[in-house]
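To start, I am sharing the structure in question, which I have written as structure tokens.
Chain IDs A, B, C and D follow the sequence of writing; residue 1 opens each chain.
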Amino acid sequence: MISSLITAHKNVFVAQLLVYFCTKRYKMTTSSNLQEFVTQVRRDILRQVHKVNSGHPGGSLGCTEFFSVLFKEVLRAKDHFDMDGKDEDLFFLSNGHISPVYYSVLSRCGYFPVEELKTFRHINSRLQGHPTTHEGLPGVRTASGSLGQGLSVALGSALSKKLNGDKHLVYSLHGDGELQEGQNWEAIMFAAANKIDNIIATVDYNGQQIDGSTDDVLPMGDLKAKFEAFGWDVIEEENGNDIDAVRNVLAEAKSKTGQSKPVVILLKTIMGNGVDFMMHTHAWHGKAPNDEQLEIGLKQNPETLGDY
Amino acid sequence: MISSLITAHKNVFVAQLLVYFCTKRYKMTTSSNLQEFVTQVRRDILRQVHKVNSGHPGGSLGCTEFFSVLFKEVLRAKDHFDMDGKDEDLFFLSNGHISPVYYSVLSRCGYFPVEELKTFRHINSRLQGHPTTHEGLPGVRTASGSLGQGLSVALGSALSKKLNGDKHLVYSLHGDGELQEGQNWEAIMFAAANKIDNIIATVDYNGQQIDGSTDDVLPMGDLKAKFEAFGWDVIEEENGNDIDAVRNVLAEAKSKTGQSKPVVILLKTIMGNGVDFMMHTHAWHGKAPNDEQLEIGLKQNPETLGDY
Amino acid sequence: MKTYTNTGNIDTRSGFGAGLEILGDSNPNVVALCADLTGSLKMNAFKDKHPDRFFQVGIAEANMMGIAAGLTIGGKIPFTGTFANFSTGRVYDQIRQSIAYSGKNVKICASHAGLTLGEDGATHQILEDLGLMKMLPGMTVINTCDFNQTKAATIAIADHDGPVYLRFGRPKVANFTPKDQSFEIGKAVKLQEGTDVTIVATGHLVWEALEAAKTLHEQGIAAEVINIHTIKPLDDKAILSSVKQTGCIVTAEEHNYLGGLGESVSRVLAQHHPTPQEFVATQDTFGESGTPAQLMEKYGLNAKAIVEKSKKVLKRK
Amino acid sequence: MKTYTNTGNIDTRSGFGAGLEILGDSNPNVVALCADLTGSLKMNAFKDKHPDRFFQVGIAEANMMGIAAGLTIGGKIPFTGTFANFSTGRVYDQIRQSIAYSGKNVKICASHAGLTLGEDGATHQILEDLGLMKMLPGMTVINTCDFNQTKAATIAIADHDGPVYLRFGRPKVANFTPKDQSFEIGKAVKLQEGTDVTIVATGHLVWEALEAAKTLHEQGIAAEVINIHTIKPLDDKAILSSVKQTGCIVTAEEHNYLGGLGESVSRVLAQHHPTPQEFVATQDTFGESGTPAQLMEKYGLNAKAIVEKSKKVLKRK
């Protein structure tokens, strides 16, 4: 299989080229194409949360480039979703509250009809406030929402891949505030001790949480030093809202897998990115825009791929 | 009060001198006197666990010098135990399984009759397998046994002291294996973020836990680097079973309090210390000696202060 | 038939916030802790007025419970605030050992309990917290029904020596109990007399029970309505003396029918006075996203459901 | 009167170890995880034979539950092993979200449940785990009575698709159920027929119930004894058809009387057939250090207590 070839291959450039040709769900896009995708995802986020007047636009907007690059270019997933996820890359969202970006990207990558975004947070929907497997939504392999649990689950699936001789990778995303939960540090310690090197964890390093900036709520000090002291390979990326930067850092991270160390990307993002009045504040962590605000936000992100 | 004077004073030597004169419960002992105390405590440990054929001699023996120095020389406690512990130093045992050393030292410092050691782990006893406040045992301010909870409680009491304008210190003890519990890292992060500088936590760094050495079970890497990355002031002491070394490191730790950083001592100890066949192994973590083994152990630790 | 007036919809969590603010001013030993949900818990007034007595612990509920336990040493009366799930299931062992078994005077205050938290969905909608907390020896478990009662309970528990779990919620619901009432832990409140069926309700379902009693009344059925704000210690006497008259009972709670108020009542009955009982509660399912009203309807937790179950149990007499 | 033979005292946890060893050989998808208690859980045989399928997670139970959930992705059947307290209360929210709500095929295997763990005392003696686990939608809850049954249950749950909580213990107790039995989840086992009183027992108390039935028999009382190894799904039918004959029931469990098997039975009775019930269970207290026998005596969890409660409930018919 070409895809297992890639995993074995540690050369960034060649790996990227191969990804270009064999990403299954979607063909490689140029940055400008991907920018259109990103813009549409932002619209989807705003429209989802606005419609139901609840949900989490801030973190979702901040992670739009990450999700877009990951799902459109990096993740090698099979055409049909199954829970077992053998012989494909896996993704776990630990900070489940940013479901709007997850749902938008999943749907626009063909996991389920884009139309279904209309049902976000409605009763009888598969698009629960926080992602779940319970309603059978394709693309989701664990429930999240109660923070701090996703890394452990991702590590378990990484171990499962090792047992199965499956060379694909496991990706996960975590909030920075979320790292205040101790279970993360259990998992971080375990991963290094057991040399789990088929995982790339990313931290949405936006410096914000609910009650304020992380520095106001519970200053977390030097996250890089913490992960390094816990035996992880740490990559910092200052421009987590730049498509090229995200692409490069994911490629770099991939090149560091298979070397007996778990890999983490500290991805600096801007909460609320792409909607000017939502940026650089925790205020929109879990608040929906009103009609007027929605309009402004949508104007800043014109329709590209067609609204649902 | 002299005792508050001491806390304010950061000079190690003067502080030690003052401790010499004003420790309330017991007068300062010479090292050789303290050695006798230590030897007796070891006997008490062996006899407690032997009698009931259960309990944890390994970690208890390894921490005997620490407890002896702390309770006999360092801790400034009031003559009568009360739960509120205002205007005195406090101690919290997080790794509650090493209750035998705790009980022996408490009783021999006058908290309750030494005779009561006979009831260790018996039904209707105040000396529960793991320490508890539930039966009203003087000296104990929190239950422990389920690992990983003690640091949070100690931090709470340290905050209480700050609110009360009480300048005394809070001491706590933790197993090294215990640090695998994530709650510790929540507490460690919180303490640094909130500049809790009236606490001295000590880690019983014996490199052992139940299933083997920590390196076999879950290698924890560089503990010092971890604590430092989490913003703590770290003191390493290689000779945690040497009375003078323990005395000095506790004095050094005290000199570092009040400087906006929590202080931790990584105290290298030998599990099972003082009973040759119990040393350097996890085998005696939670196993009692049989009659013959008891005899050997007691022979190596001859009676000094009178058996109960 | 007694009538109760809704003086305006308001959330029970705001009752907690109001009570806590009063305590902040009146009792210098009261301290408060929150795990990154200060606004949701309505703790801002306390925090702003008493920043030195407010502890932000970040997203670390286990640590919060331990710190609260430690704060009692030295005489503080800590009130912890976070969502009900993170106040109970997330930290069960910490509450068990560091608070309940250690006998610490901590008040665990929990918002967003049950389905009525709405759109966030099942991960946040705990329907087991009453059961979790009632199994802990020494724990007092309270689930208040409206703003006024929540405020009164918040104030009252500061004077109770021992650990307390106080459960309230997010949605705006009828406020109908007396303003500035005093709150007696463990003492059920009979809201409505009736001889045909006993309805024992807690939390948001108390108002629904009153609505149900109205409907039943119109149909010629006299329902006795008891507000059982304290799940533990349970007011066995109030329950038993009522069922001895009515001969049947409906329990109503925003909780799984397994392990909660309903089963506690079943036990009291089985021990003292076997009686037919029906359950208004969730039927061992997780919740889901939706508006509070939609969810209460879908999962059978409203006046309509209480009416139905009352009629059903009447037939079983 | 049927008699049961104790083929020799042995601990139920060894039944788990034996079952797990067999699974290790027969089912390559079975993996095991332990949180620094491999010996106590009797997992050494599995570990030694299948080191690649054994995961030592250290003292980090929350992480263990998450890893177990993740291992199911890719087709593994993870068995987690630690003490009952650390298998449930310590990790309730992790089990809730990552296992139960996520529908993961994890087998949570818990030793040292209840008072009979003995000298370690209350921090380790969980008396709430059955209640904790039974409230989780989708969770199967099993409490086996002896070595043979524990071994059979361990093997059986590997074939059940979905999360399971399997509870067993530390002390050496009578081994009396058939060797190499098959184990049917959810199906109560009638051990003794009788028409005067129903005794429904689980775990270590099943043998005590048989002993009690002997004593009662000598006194002219015919007790029906049911081994209710599965607490959830509960075999309502078996319970109801028995009490319809006997008219009264005693439940016996090594658990708090609040929230456990006893209250589940009360609920079934209140819903379908109100019947006097007495509880052999701990009375909402923490445990303490002592030998298993001393503790069972002090807290009223043995044949003697079952006899007393049977006589008491008989009078209430």
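Just so we're on the same page, a contact is a pair of C-beta atoms (placed from the backbone, for glycine too) under 8 Å apart; a residue touches a chain by one contact, two chains touch by 3 or more.
Remember, predicted model here, so these are calculated numbers, not experimental data.
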Interface with more contacting C-beta pairs, comparing B-C to A-C: B-C
Centre distance in Å when subunit C and subunit D are each reduced to the mean of their C-alpha atoms: 30
Inter-centroid spacing, subunit C versus subunit B (mean Cα positions, whole Å): 41
Geometric centre distance via CA averages, subunit D-subunit B, whole Å: 37
Overlap residues in subunit C, where contacts from two or more other chains coincide: 57-58, 60, 62-63, 85-86, 90, 93, 96-97, 101, 122-123, 286
For subunit A, residues contacting two or more additional chains: 132, 134, 143-146, 180-183, 186, 189-190, 193, 218
Touch-based graph of the chains, sorted into line, ring, star, complete or other: complete
Complex contacts: residues of subunit D adjacent to subunit A: 31, 52-53, 55, 57-58, 60, 62-76, 78, 93-94, 96-98, 101-104
Contact footprint of subunit D on subunit A as seen in their complex: 83-86, 90, 92, 132-134, 141-146, 149-161, 163-164, 166, 182-183, 186-187, 189-190, 193-194
Sites on subunit D touched by subunit B in the complex: 34, 36-40, 56-60, 62-63, 85-86, 90, 118-124, 286, 288-291, 294-295, 298
Contact footprint of subunit D on subunit B as seen in their complex: 52, 54-55, 96, 121-125, 127-130, 132, 134-135, 143-148, 177-178, 180-182, 209-211, 217-218
Touching residues (chain side subunit D, partner subunit C) in the complex: 85-86, 88-90, 92-93, 96-97, 101, 122-123, 127-128, 131-132, 134-137, 232, 256-259, 262-267, 269-271, 274-279, 284-286
